[in-house]
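I'd like to ask you about the structure that follows.
Just so it is clear, A, B, C, D, E, F, G and H label the chains in written order, and each chain counts residues from 1 on its own.
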Amino acid sequence: MPAETDARISDFACLDIERQKRTGYPEVVYCAGKKEEEAFAIICSLRERGIPVLATRAASSLAEKVKTAFPGAVFDETARTLTAGVFCEEKDRAGLVAVVCAGTSDLPAAREAARTAEFFGSNVEVTSDVGVAGIHRLFSRLPALRRARVIVVAAGMEGALPSVLAGLVSVPLIALPTSAGYGASFGGLAALLGMLNACAPGVSVVNIDNGFGAGYQANLINKLQEVRYAHG
Amino acid sequence: MPAETDARISDFACLDIERQKRTGYPEVVYCAGKKEEEAFAIICSLRERGIPVLATRAASSLAEKVKTAFPGAVFDETARTLTAGVFCEEKDRAGLVAVVCAGTSDLPAAREAARTAEFFGSNVEVTSDVGVAGIHRLFSRLPALRRARVIVVAAGMEGALPSVLAGLVSVPLIALPTSAGYGASFGGLAALLGMLNACAPGVSVVNIDNGFGAGYQANLINKLQEVRYAHG
Amino acid sequence: MPAETDARISDFACLDIERQKRTGYPEVVYCAGKKEEEAFAIICSLRERGIPVLATRAASSLAEKVKTAFPGAVFDETARTLTAGVFCEEKDRAGLVAVVCAGTSDLPAAREAARTAEFFGSNVEVTSDVGVAGIHRLFSRLPALRRARVIVVAAGMEGALPSVLAGLVSVPLIALPTSAGYGASFGGLAALLGMLNACAPGVSVVNIDNGFGAGYQANLINKLQEVRYAHG
Amino acid sequence: MPAETDARISDFACLDIERQKRTGYPEVVYCAGKKEEEAFAIICSLRERGIPVLATRAASSLAEKVKTAFPGAVFDETARTLTAGVFCEEKDRAGLVAVVCAGTSDLPAAREAARTAEFFGSNVEVTSDVGVAGIHRLFSRLPALRRARVIVVAAGMEGALPSVLAGLVSVPLIALPTSAGYGASFGGLAALLGMLNACAPGVSVVNIDNGFGAGYQANLINKLQEVRYAHG
Amino acid sequence: MPAETDARISDFACLDIERQKRTGYPEVVYCAGKKEEEAFAIICSLRERGIPVLATRAASSLAEKVKTAFPGAVFDETARTLTAGVFCEEKDRAGLVAVVCAGTSDLPAAREAARTAEFFGSNVEVTSDVGVAGIHRLFSRLPALRRARVIVVAAGMEGALPSVLAGLVSVPLIALPTSAGYGASFGGLAALLGMLNACAPGVSVVNIDNGFGAGYQANLINKLQEVRYAHG
Amino acid sequence: MPAETDARISDFACLDIERQKRTGYPEVVYCAGKKEEEAFAIICSLRERGIPVLATRAASSLAEKVKTAFPGAVFDETARTLTAGVFCEEKDRAGLVAVVCAGTSDLPAAREAARTAEFFGSNVEVTSDVGVAGIHRLFSRLPALRRARVIVVAAGMEGALPSVLAGLVSVPLIALPTSAGYGASFGGLAALLGMLNACAPGVSVVNIDNGFGAGYQANLINKLQEVRYAHG
Amino acid sequence: MPAETDARISDFACLDIERQKRTGYPEVVYCAGKKEEEAFAIICSLRERGIPVLATRAASSLAEKVKTAFPGAVFDETARTLTAGVFCEEKDRAGLVAVVCAGTSDLPAAREAARTAEFFGSNVEVTSDVGVAGIHRLFSRLPALRRARVIVVAAGMEGALPSVLAGLVSVPLIALPTSAGYGASFGGLAALLGMLNACAPGVSVVNIDNGFGAGYQANLINKLQEVRYAHG
Amino acid sequence: MPAETDARISDFACLDIERQKRTGYPEVVYCAGKKEEEAFAIICSLRERGIPVLATRAASSLAEKVKTAFPGAVFDETARTLTAGVFCEEKDRAGLVAVVCAGTSDLPAAREAARTAEFFGSNVEVTSDVGVAGIHRLFSRLPALRRARVIVVAAGMEGALPSVLAGLVSVPLIALPTSAGYGASFGGLAALLGMLNACAPGVSVVNIDNGFGAGYQANLINKLQEVRYAHG
């Protein structure tokens, strides 16, 4: 019997069920812009095929429905992430991803990154509120941060933290601009431009508030060795 | 005889010769966008009235012409500033303005700021190339910077330096974004937005590459006490 | 015992409790983007250490909670500022900061600036509704404005007021663009660009609606002399 | 014989020779973006039909060629306008259009406006260098300006002049933003937005550097009465 | 007794009560961005001085309050204009302003223009839904439009109507871009840019949705003759 | 009796009832920005003249009212399209338009396109969720897509699907950018720019979320032959 | 022997030599951004395989070189197109594509569209200078335009022509915005936005100055029937 | 003797000579915006300290000067990179970085990335001209690309390549937008936004044309294991 390579759900979705074979990781469900019943149906279809699910931008009401259907499901309200099924057991996590967060308002994006990297198999440590306005707070965390293999740096406003940190460590930084700010932050544009123009090398950037993308990329880098063997 | 309050030059300019009475400082000649003969005529008219002249964005050819006409005139090629006549003798300069510059490419703007503050009566020290990518360079300069009463911070690219420095000193910072950079720096927009969104208080911002404006404001702050008495 | 240099609050905040030593003024709490319980916990932690608190962008409900916990707390509904504890007694305020406001819609930003400068030790006078459309109103206030050591100018729409005023006074102006306006004001962008391009020198600019930043910078300039001695 | 309603010139242009009947004024030749031989051919075709020509954005080399072909042609190098043939004799000009210009760099646009309004039949007075940074210069010109029936106000940088002036006169203002400035003026965008957001009523705006459009509209308003009779 | 030149209302407003002397027309109350009690107090203060009031962007609730206090007050719900007192009796209106409106969604801005021009003394005719997609509708209205002395053209989306109409009439057009549209209309930006770049002369532009500004300028042009005499 | 060429409805609308004669298709009702009673009145007026109606961006409440008045009316909640009367019987539809949709969030725009093309006489097949992140899903649909005469491609985020698909088929593609996305998608701008810059030829683009425009253009192309004969 | 599906040229290019099989038309050479020797090598490689070549944005110097190497090559200096080899004999061209051009400055883009559509097999008629400012010129051309099966409309400045024309014809319009204009045209952005927001349906848009894309899409639509049979 | 931690060069630069200790790699010289003599002096100072130099955005004339002074220096004209001294011998390079390039015009940025990654110790393979318009070219390269540990993807125009490729491989992608394109590519903005909004995870982005940043980050990821040991 030929392998099922995609699977239609009614007329609104088409699961990419072979994604793990191609990329090492299963498809993730982005809930924003989908009706709640659509997101729920997609999650169920994935679970029926035994695929562990990470859903992002999930509303509480969806989380309730999913937790009822799949009792082990876990919802992080700040991160708005919802997991059902386990891709990587906690004990099997390897390597360390540090998630650094400039201010309290950057936490939702930072925690979305953290939950994503954990789900896919990285150990994660979150350090919050070490913005450049009180830069000694960053320095006091440096020894801890230097243990990480990749660092995600979430910041809004002027987004200066990645530039400073990248000059102090030897590992890749994933800069995560957030929409925290007002006025001329233009919804995160100032932070995004700041990070793209970082004067220190070793920084690459994801979309504004894209904690998922930052965490996914960080895990990919952290697990480079392993994954390659797994499907090489 | 009533005081001359303005003075027409041909049909293209109208000197604001009472500006010093109103604001404490004489009018400055911004040369960009003016024909060379227009700029020259304005400079001559001011000198004829005994008004000391600072001209900004001056071309070398204009500088040559002015130096011929007014032998004591001084041209700074990097800053593109030209002075003819002396507003404040070097020995009478008071207070200290520090001009800090993130990278070598920010020097033209930084030096325009320095020359402006000096012309109007401040002592100035320029510190170049202390960008946040190697932040220890900034820390080694901190004791010197803390002697200043105002600090001008020139930076292009992501413009992160003011945010870091403002958290370390107790004096006002004038952030001077420069057009140094490429791509998503959009001609200095990234630096400008970064500085406007600085997470540390004590920062105010001038136009991109506006070294004159930064130096003028820095001098105004530095000399606050004096000036007020002088025309109070 | 080594000095406490920062203080973690749960996992979402890290107080910068030595900021006053470094910069002359304690940390301020920016409430927007923080959950109410987070803002409240931060305020309590600062008060426990005896640090006087200025909180900006505070909601009424937070204000109620804080006033219950700290009976002397004061809330300004228009400015959305909340203070608990006193940094500088009213009788000890020194120097004068003028806050000028182009139109009635600019009052929230203007009053945030005023409350901030007062909290940190400046005398403040607010002059409202002197926009350039009826410029005689500005002229009639000039003698009063000339008594100030720094002037904050809040304006939305085209933001022309700082350009006009800067040509009439001899002290530094902090231009505060506001989001008052519609259509091609693009949320305050028109006013911001107008102020950055002010044709009169002596103007530096803060973020759109950033009354706090304007007031802080104004106070810094006003108190330059004193502060420097205090921690020199 | 039916009237000629349009006239093809080779394959690149189609004269709108009945425009004067419809709108009161003949077609004008905008030279930018046309090859010199195209512009020349269009001017010749119009002259052959006896239509007086105003050409804008004309290069000197085109002007030379036209002056050779049509000896009475007049070229204004600053305004870059070229006229061949006379639409309205100088003695027949009526009403007064004032053209006010904030700075010397705004002169090219201002003079394009002046030449256009004159060509179509208005008396014009140009007042230069009365920017808001020295606003007394504007006040000293007010009595003269109040004699005008329409005022064109050319300004770059922050473009604040129309807001101030519109509150002082009782006639319509045509605001003409120019590209004079740098950095965050973004090629005249700051001035354009400033003028569109003018807080004083009685201001309408034309494109950046569109001196022709400002002068045309000013003349249209000035001559409203007459023209209507002429083709009513 | 010296004339009252301005009048403070509490601490939030400063009436410009001599505006009529300077500009021929009294101050207008822009209600957006003001608290309802502020707008109400300003309206009362003007009425107390016998000044006829036009208030724009007025909410229904404010209108109710004003109608109770000043029984003759009139509210136009679509235009959101509120008038109390009469500046020009209907029988004394002179000249004709045409307000042309591309689509039904442009009516609020168009009617704000119409009510404004009427209030200040012009006869007004509104023609709606003559957008360029069915251009014969415009042609069938041309004879009527040609009776007007000024034409206000309101259009959203691509804002093409002024370009077409300006080539067909001999009077000034005031182009009024509206925010009608979606996607790449960017809140009226597309229409605004379209109108600023109109290829036909005789068009000047006001801010997006600024029906008041368009109507005011149209009336100013229409009444040019009269007003000048009144206060000349 | 002369043909009725337009028809006024009260003072807010002017039906373009001869549009079908000029363009082959009747006028469509765009409901956004119209009051519900206005949209209803327009629909009734068209139906009274026997013109089949397609209304877009229709609210459910309007749909209810229309279905009551015209029992055969059909509402598609996802597409927000409402039809009353039949322009082309289902059995008479000809040719095939394929509507391809990158993700579930793009369905509303895609279905608006589908309903529009069907209404005007095309057979339509919708293929959803074949975004480029799992490009094999697109390849498995290629044989089906190659039966179409025109393809509408709806995509948000980076909008890459048209570029890929245009290199694989020989028919015109209408690219339909959607506002699905967040952060630096800037409301669909990223997708729009992506599609305008498509490196494969054979792509033309409509406004963000303009499913109607895409479906109309697709039908026009599909029915080119027929329509031309019908009114040739 | 397996078919050659791509062909490397040195290390800088990879010919897509099977494109004609997939899409009905061979690959086109876009010369901008390529070194002259690169463009020349690509053209030679295609000719060696007998593939007829259309090169766009070609410099005169490249054209000379190609004409020497391939004597039948043809260069259109205004359009900057270069053809070597014949894809479709002139006698075999079918259907009619009209290319309409608002002003003389839009000719380069318009002719690029014309040359492209001709190369691929359409008859083409170019109509220039029928901008909306003198709309009667458009009406006099309507009978001719109505013979076309597709219309390309090139316009800069406000880009209003497609909106007007689309309401008058029954065939698809390809709107081609050009960079003709200045100031707030922002390099063609105003025209682009205008066309995307066209209030008349039946319009789809290509990139600014993308005459090639417009001509290609127009030909694709025009030849829909044939091409499908040819490779069905 | 304390370690030299920075080194001033005249008054324009301050070498960050301890960068290798902190980050694993020495400082790189960005030549754009520096005077040629400044860049040359910096390169000499680094070489004097035995630090291997990579200079980017180097002009040919600088390259000549450097090659004369340091005979082993190597200049890549397309990449504009200049190396003097060897950081990692070719035989010691480890791991594989693939650099994929959508079109010929993207080569300069792509090769800057390649030269950078090689300089710092990665093996690099460049694959050019595999843009999505002929996606089979990408598929035929997939086996080779899957041998890489990191992939840099350079693309201009719509920047779609990273989205497609990221769904097909299991390693991190560094997306490198280029300024190749015209019109609505807005200098690379379209590609940048496209990449930031990539619908496939595993993509992070650097500044437009920032080949250096992409190559640096790719090498950092590729060498993660080693470097950490080297200075751990």
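As a convention for this text, contacts are C-beta pairs under 8 Å (C-beta built on N, C-alpha and C of every residue); 3 or more make two chains touch, one makes a residue touch a chain.
Quick caveat: nothing in here was measured; it's all calculated off a predicted structure.
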Chains touching both subunit D and subunit F: E, G
Touching subunit C and also subunit H, the following chains: A, B
Interface with more contacting C-beta pairs, comparing B-D to F-G: F-G
Where subunit A and subunit B are represented by their mean Cα positions, the distance between them in whole Å: 45
For subunit B paired with subunit F, centre-to-centre distance based on mean C-alpha positions, whole Å: 57
Subunit B and subunit G, separation of their C-alpha mean positions in angstrom: 51
In subunit H, residues with contacts to at least two other chains: 16, 19, 103, 133-134, 166-168, 183-185, 189, 192, 196-197, 207-208
Pairwise chain contacts under the document criterion: A-B, A-C, A-F, A-H, B-C, B-D, B-H, C-D, C-E, D-E, D-G, E-F, E-G, F-G, F-H, G-H
Subunit G to subunit E touching residues, read off their complex: 102-103, 131-135, 157-160, 163-164, 166-168, 181, 183-186, 189-191, 193-200
Touch list for subunit A against partner subunit F, complex: 5-6, 11-14, 16, 18-19, 27, 32-34, 38, 42, 177, 179, 187-189, 192, 207-210
Subunit D to subunit E touching residues, read off their complex: 16, 19, 22-25, 28, 149, 166-172, 174, 192, 196-197, 201-208, 212-214, 216-217, 220-221, 224-225, 227-228, 231
List of subunit E residues in touch with subunit F within their complex: 103-105, 107, 126, 128-130, 133-134, 136-137, 140, 156, 180, 182-185
